[in-house]
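Every chain is named by a letter (A, B, C and D) in the order it is written, and numbering of its residues begins at 1.
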């Protein structure tokens, strides 16, 4: 399994990893945003 | 006469909160035919919301409204058919004349009133010389009087009035008192939200929304005990007197 | 002085068509009292259409090709601009509450108001459109199709628009928000409306487009009064 | 009625807290399996080479975008008919995730379009419809944020999504009609004729997205419930009894 061939994705690396990168970014971004929102609400509830 | 069997309006454990803040909780009262209930309370205590609920415009979070002992959803057509609601706004179109506004309002009330009787009503409220004046050029007091003319002609048993006398001069207020006395004498009912004192001669009760306490009017001479009594009219009409503390307790329990 | 209070008045016939007729006549009379607004919407339509030649150049072949899209988008924006007129002033002066209190169902009143709005905006647009079509070099048959497509399409624009107008009553920034809600729903009408004119220009069958617009009109006429009534009730709550 | 026992926010809050993590775990596992199959196991496509692998997230995202909007419409119907506050809260909880999936579908579609047809945006029928779907999501989010009174915002949002959902098939049909009229591009996801080893990752990823959407929606609805019921009694003693385990013990 040679990695740099894998990462080049038939010279389409930008498009494939651009898509999968956006996928990861959006998913993780949404979860992080959700976490901060819950923390903010919990503080407001306790005060 | 207004209606054969005297209609009655009864409300049970009405609850409404606005923007997370409870306005009133498990409120109960009744208005009998020929009687006026005056709503007292500071600004924002929910007087207008309660009126709009009786008018069928606003939905309560909880609670039922009984009209002629048949329960209706808080924002239901049955309520709207029997009630006339005059809010803060004068509900007039500035581009229409006084007589056109009155005619429009009555036709949307589903009431067939001849032109002559409309002119008589405007005359009675002192607008005879201004009936063809565009509403934009009428004063606030004159606009309010068009509302009074509509009250007179609509023939609806339940009048829901929000500060009916504001912007009326002394003569206007006297006119309003005469009109509402006639209405109550004829078996009609009224619920009036106002902070002014009402010299209505017909039987009248006051409901204070701040403490949710129903005070008997002076005529009824019911002494108000120190703790305050919340009179909840039972199904058989006999007043079930329940201590306010009990109500408050029930309210917290939910 | 006889007291007028206690004579029970005689009730009108509370039927749906009376409600629609009553609301239509009321709104039409009000619109006629401020006729200027109707003219303004028409002038806006004409101005927007005449912007395009200035923008893309007056080369006739190009103008002819973009004519259907330009006329339809301009018509759609003109209708969009006049939508607040259906409910906003009634909401502000408290008459909308009284209409909601009326024994006539709110759906019939909403239908009457939508009809009046179409009559004072959509219809005039359809009648003026041929003049603009000529400006863009369209043939007579194509002008006929423009008028037909606008006559069928603009009522649907009024119906969908009335839902957006009712939902955003009394909301800050309401008119932009209303456009945001309504424009995506306008897209099918735009596609079939402009598509009909384009098809007639290309000499292919445009009846399908017009019949789909007609179907939209039917669906709208049946469903939108109830949606608008619900939206008004929500806004008045 | 018993079925509405869970419809009250105070009883649904702990329930959502318990089942959400399970969905998150399932989503993570399925996602890992799907990505592994899609990136490593699925064969090279004879036509598009490696770049076709983008469909393993593009297609599930597009499906989720549409599905979530329709689920929101179902909650909207419940909110307006049964007047349950919880269903409108679920709508509000689902909307951001639906919008996210729509953006993801558009982004991956564009990145896939460039190498395949030479342009990022080819006005393809499905992509254009997905763009309009994004407008519908943005419209809903804008409406409920513009109205202060929560009760009205819920009902107005519900009505808008119901009207929107009636229009979604019409939009998809009209855009398809418009697309065939102008030019015949279409995203070549001939799903059925795909080699099974290509279809498997896509299915696994779709289920991963479902589990993910459910987990995120349940977590977000918990936040919404707390935001709305701040003053309620049950919220107060909720935190007196068990200080939140996430952050430090509170005095």
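Criterion: contacts are C-beta pairs under 8 Å (C-beta built on N, C-alpha and C of every residue); 3 or more make two chains touch, one makes a residue touch a chain.
What you are looking at is a predicted structure, and each value in this text was computed from that prediction instead of being measured.
Chemist: Measuring between Cα centroids, what's the chain most distant from subunit C?
Modeler: Most distant chain from subunit C: A.
Chemist: Of the chain pairs A-D and B-D, which one is connected by the greater count of C-beta contacts?
Modeler: Between the chain pairs A-D and B-D, A-D carries more contacts.
Chemist: Averaged over CA atoms, how far is the centre of subunit A from the centre of subunit B? Could you give it in whole Å?
Modeler: Roughly 59 Å separates the two chain centres.
Chemist: Hey, how far is the Cα centre of subunit A from the one of subunit D, in Å?
Modeler: 16
Chemist: In whole angstrom, how far does the Cα centroid of subunit B sit from the Cα centroid of subunit D?
Modeler: Chain centroid spacing, subunit B to subunit D, equals 48 Å.
Chemist: How many angstrom lie between the centres of subunit C and subunit D, each centre taken as the mean Cα position?
Modeler: 33
Chemist: What residues in subunit C touch two or more of the other chains?
Modeler: Each of 237 in subunit C touches at least two other chains.
Chemist: Give me the residue numbers in subunit D that touch at least two other chains, ranges are fine.
Modeler: 230 - these are the residues of subunit D that touch more than one other chain.
Chemist: Could you say which residues in subunit B touch two or more other chains, in rising order?
Modeler: Within subunit B, residues 59 contact more than one other chain.
Chemist: Pairwise, which chains touch?
Modeler: So, checking each combination of chains, I get A-D, B-C, B-D, C-D as the touching pairs.
Chemist: For subunit D, which residues count as touching subunit C in their complex?
Modeler: 80, 132, 135-136, 138-139, 142-143, 146-147, 151-152, 155-156, 159-160, 162-164, 166-167, 170-171, 173-175, 177-178, 181
Chemist: Could you please specify the touching residues of subunit C with respect to subunit B in the complex?
Modeler: Those in contact with subunit B are residues 1, 3-12, 14, 22, 26, 29-30, 33-34, 89, 93-95, 97-105, 109, 233, 236-237.
Chemist: Hey, which residues of subunit A end up touching subunit D in the complex?
Modeler: 1, 6, 9-10, 12, 14-16, 18-20, 22-23, 26-27, 30-31, 34, 37-39, 41-42, 44-46
Chemist: Spell out the residues on subunit B that touch subunit D in their complex, using ranges where they run on.
Modeler: 18-21, 59
Chemist: Once bound in the complex, which stretches of subunit B touch subunit C?
Modeler: My answer: residues 1-2, 55-59, 75, 77, 80-81, 83-85, 87-96, 100, 104-105, 107-113, 117, 120-121, 124, 152-155, 179, 182-183, 185-186, 188.
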